[in-house]
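Consider the two complexes below, in which subunit A is the common component and subunit B and subunit C are the respective partners.
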Partner chain A sequence: MGMTIVQKILAKATEQASVKVGDVVEPRVDVAMSHENAALVINQFLDVYSGTGLEPNVWDPSKIAIIFDHRVPAESSKTASNHKKIREFVTAQGITKFHDIRGDEGGICHQILPENGYIRPGYVVVGTDSHTTTHGALGAFSFGIGATEMASVWTLGTVLNVEVPGTIKVIINGELSEYVSPKDIILHLIGKISAQGANFKVIEFHGDTVKNMSTSGRLVLSNMSVEAGATAGIVPADEETLRYLREVAGVTDEIEFVLPDADAAYEQIVEIDASKLTSQIACPHTVDNVKPIEAVEGIKINQIVIGSCTNGRLDDLEIAANILRGKKVAHETRMLIFPASWKIYKEALNQGYIMDFISAGAVVMNPGCGCCLGVHQGALGDKEISLSTTNRNFKGRQGNPNADVYLCSPAVAAASAITGVITNPSKGVN
Partner chain B sequence: MEKILEGKAFVLGNNIDTDQIIPAEHLVYSLSDPEEKKMYGKYALSSVPMEKSGLPNGGIKYVEAEKFDTEFPIIIGGANFGCGSSREHAPFALQIAGAKVIVAESYARIFFRNAVDGGFVIPYESVEKLNDKIKTGDEVKIDLEKNILLNVTTNEEYKLKPLGDILPILEAGNLFEYARQTDMIA
Partner chain C sequence: MISTVIAKFGDDISTDTIYPGRFMATVLPTETPQYAFIDEKELNAKLNSKQVPPNSVIVANNNFGCGSSREQAASTLKGWELIIVARNFARIFLQNSINLGLRTIICPTIEANEGDELEISETEIINKTSGKKFAIEPLPQARQAIIDAGGLIAYTKKKLLEKSKKN
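Showing the complex of A and B:
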């Protein structure tokens, strides 16, 4: 019996010929990512060494990535002090993949890792963030862990006690209609299999739609796989992966693919006909409460958000700019745009998108997680409604438990900004 | 690890996400300052909608206003407990509030691992759905050797799934103690 992609990667990372689903393994780690919660990891890491007389040194400072994105610039003195503590640790340990609050290197961790060539097919990537699943889009096994687990990775360079997960094969075929995007596919999938449909499992994405999709779109599929509970969401690497790594990420060294066997055993197969999809909306307060846009059109929106690790990439901004150009954001609606990185911000500036947004009345924010986690940069008022291209709509998510968050694609967000109500972009916006 | 855990049950529904367990606005308290650390207990499960907080009737706060700990050391959850963020503060906040064990139908993986790795709270899976059989306030007793939950109030007994691969970590206390015991770290 052949192996799935996660089995292949874990076999390689544990120097075994094969691993079975359910085996407990301790794979070596290629990239270990943290953001501001590195402060918590540092505490735990130093605890491991306290009283041992040993010098607290991380296993490999070149494999640790730390990116400030959740609270940038610092929204409070506590956060600023955390940033300071992390900077000092980074310097002391010689950590090289560090991205500070800077226009020449900063952004959201799940954009910074791929665009800087830190992720390669076949890598084992861990991150102290649930959306670490994003990097599966480049054919890596990438999953979220907690601070304690990360501290042990910093110490040992391996992840302890990992069960080899079973895999759900998701086959997506058919051409997407205009204004229907990878976001609509993943929302549809989450609605179909539920928020726990892939718990403790890996999703492998296959089919023509995925093969023809840009890496930017694949990052959306992998990013939101965790909203179906998946440990990871992996797209097998191909020519497009190679193109992205060479042309966008500037990788020059050898790239090796790790691919699933043709006779791999899958626990479940889910097929999606992408040609039949219309825009999809995740309604409050769970990500699997997904409805086709036709069911929710016309709901009045107070705040529109485009951005985040899900949909803040250049093609997302391009779709939105094309819809908004020469138009106005509706009165009584405010629109916030968070490019996923400063590199994307600059490209959007060069393309004229930023001017399109500002002229339409949108507010273009600095790259970062923004209001998605609900601590700054765009809280909602009581009984207000947000329509957002982010990835979570839990109660209280955008800073107010008495508000509602709907999730959508960039095209829906842009079309709805003009009308002030949930609007189907496929019907045309005037 | 204790062999028997007992106390009052607090019953919750499905998809208790990490924002309900500990909202992001409360992630700022210092863990090294004991006074600030208590705040995690104060706000544990504070964003569960009131009508779903303490089933079947709801309207019960996990931690009463002005208090920092709970009278319910045993949490009975539904499906997909702990979905959402990787914040370790979620199981940690439950521990600070005084939770000892969660019995849920299923868990989101990161929460489950965090609960175990930090030794914060024991995440048991039930064999059958229990959040419609046990009521908030029921006295329950969990036998960790036999993997059985006894509802003392109703005298009904339910099977729990054995803890399996995570048991060595729970027995060691947390992931670091486990690593030390297996000579992986000093």
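Showing the complex of A and C:
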């Protein structure tokens, strides 16, 4: 019996010929990513070393990535002090993949890692962020862990006691209609299998729709796999992966693919006909409360958000700009746009998208997580409704437990900004 | 051991409900407990009144702890020495709980309401109030090993010392 992609990667990362589902393994880590919560990782890391008589040095400073994105610039003195503590640690340890609050190299961790070529097919990637699943889009096994587990990785360079997960094969075929996007596919999948449908399992994405999808779109599928409970969401690497790594990420060294065997054993197979999909909306307060847009059209929206590690990439901004160009954001509606990185921000500037947004009345924010996690940059008032291209709509998510968040694609967000109500872009946005 | 159920939840209780993102700059386990379930005002007030004895129980249905990897969601409950009994847990939350020593019990058929008294053993939960018994699903060995070591810091420390002896 052959192996799934996660089995192949874990076998390689433990120097074994093969691993079975359920085996307990200790894979070596290729990239260990943290953001502001590195402040807690540092505490736990020092705790591991305390009383050992050993010098607390991370296992490999070149494999640790730290990106400030969750609260940039600092929204409070407490955060600013956390940033300061992390900067000092980065300097003391010689950590090289560090992205501070800077216009030349900053952004959201799940955009910074791929666009800088830090991720390769076959890598084992861990991050102290649940959306670390994002990097599966490049054929890596990439999963979220807590701060203490990261302290353990910083110490040993391995993840202790990993159980080899089973895999759900998701096959997506068919051509997407205009204005229907990878976001609609993943929302549909989450609605279909539920928020716990892939708990403790890996999703492998296959099918023609995925093959023909850009890496930017694949990052959306992998990013939101965690909303179905998946440990990771992996797209097997192919020509498009190679193109992205060479042309966008600037990787020049050798790239090796790790691919699933043709006779791999899957625990479940889910098939999706993408050609039948219309825009999908995740309604409050769970990500699996997904309805086709036809069921929620016309709901009045107070705040529209385009951005996040899910949908703040250049193609997302492009589709929004094409819809908004020459139009106005509706009165009584406000629109916030967060490019996922400063590189994307600069490309959007060069393409004229930023001017399109500002002229339409949108507010273009600095790259970062923004209001997605409810800390700053766009909290909701009581009983307000947000329509957002982000990834979570849990109660309280955008800073107010008495507000509602609906999740959608960039095209739906842009079309709805013009009308002030949930609007189906496929029905014409003029 | 007899424990009282102080709150009962349904499915998909997210880390945003347990520990909202706006408090994430607070990281110290000594400081996180005050914000536990802060938007569930009654429960938060109950905890902060300090009238809740250690080993009190929160019961939930499926997928407790879904969402963020924030470890504060585990440390905030650990701070009150609560026991979480759920039909099942989200992966990262479960792992964080094990790593920090928050007692999490997987009980796939649990039925209990606020105020019920539970007798919890290694293998089953007896709801003294309803008289019903529910089997506990044992944790996988790989996770149990971390609990037995006293949490992931202690477990990693042991591995670190073994490694440094070898070199």
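The definition used in the following text is that the second predicted complex is superposed on the first by the 430 of 430 C-alpha atoms of A that agree within 3 Å, B and C clash if a C-alpha of one lies under 4 Å from a C-alpha of the other, contacts with A are read in each partner's own complex, and residues count from 1 in each chain.
Note that a residue touches a chain if its C-beta (ideal position, glycine included) is under 8 Å from a C-beta of that chain, and two chains touch if they have at least 3 such contacts.
Here the structure is a predicted model, which means the values were calculated and not measured.
Participant: Determine, for the superposed arrangement built on subunit A, whether subunit B and subunit C clash or fit.
Facilitator: clash
Participant: Once chain A of both complexes is superposed, is A:156 in touch with subunit B (first), subunit C (second), both, or neither?
Facilitator: Both partners, subunit B and subunit C.
Participant: Report for A:229: first if it touches subunit B alone, second if subunit C alone, otherwise both or neither.
Facilitator: After superposition on chain A, A:229 lies in contact with both partners, subunit B and subunit C.
Participant: Is A:130 in contact with subunit B, with subunit C, with both, or with neither (first, second, both, neither)?
Facilitator: A:130: touches subunit B and subunit C.
Participant: Which parts of subunit A are in contact with subunit B and also with subunit C?
Facilitator: Of subunit A, residues 24, 37, 40, 43-44, 47-48, 52, 54, 76, 78-79, 127-130, 132, 144-149, 151-152, 155-156, 160-161, 163, 195-196, 199-200, 229, 231, 286, 373-375, 392, 394-397, 399, 401 contact subunit B in one complex and subunit C in the other.
Participant: Spell out the residues on subunit A that touch subunit B in their complex, using ranges where they run on.
Facilitator: Checking each residue of subunit A against subunit B gives 24, 37, 40, 43-44, 47-48, 52, 54, 76, 78-79, 127-130, 132, 144-149, 151-152, 155-156, 160-161, 163, 195-196, 199-200, 229, 231, 286, 373-375, 392, 394-397, 399, 401.
Participant: So in the complex, the part of subunit B that touches subunit A is made up of which residues?
Facilitator: Residues 15, 17, 19-20, 23-25, 27-28, 30-32, 47, 49, 79-80, 83-88, 106-110, 113-114, 117-118, 165-166, 168-169, 174-176, 178-179, 184-186 of subunit B touch subunit A in their complex.
Participant: Once bound in the complex, which stretches of subunit A touch subunit C?
Facilitator: Listed in rising order, the residues are 24, 36-37, 39-40, 43-44, 47-49, 51-52, 54, 70-71, 76, 78-79, 82, 127-130, 132, 144-149, 151-152, 155-156, 160-163, 195-196, 199-200, 229, 231, 286, 288, 373-375, 392, 394-397, 399, 401.
Participant: In the complex, go through subunit C and note every residue touching subunit A.
Facilitator: 11-12, 14, 16-17, 20-22, 24-28, 39, 62-63, 66-71, 74, 88, 90-92, 95-96, 99-100, 140-143, 145-146, 151-153, 155-157, 159-161, 163-164
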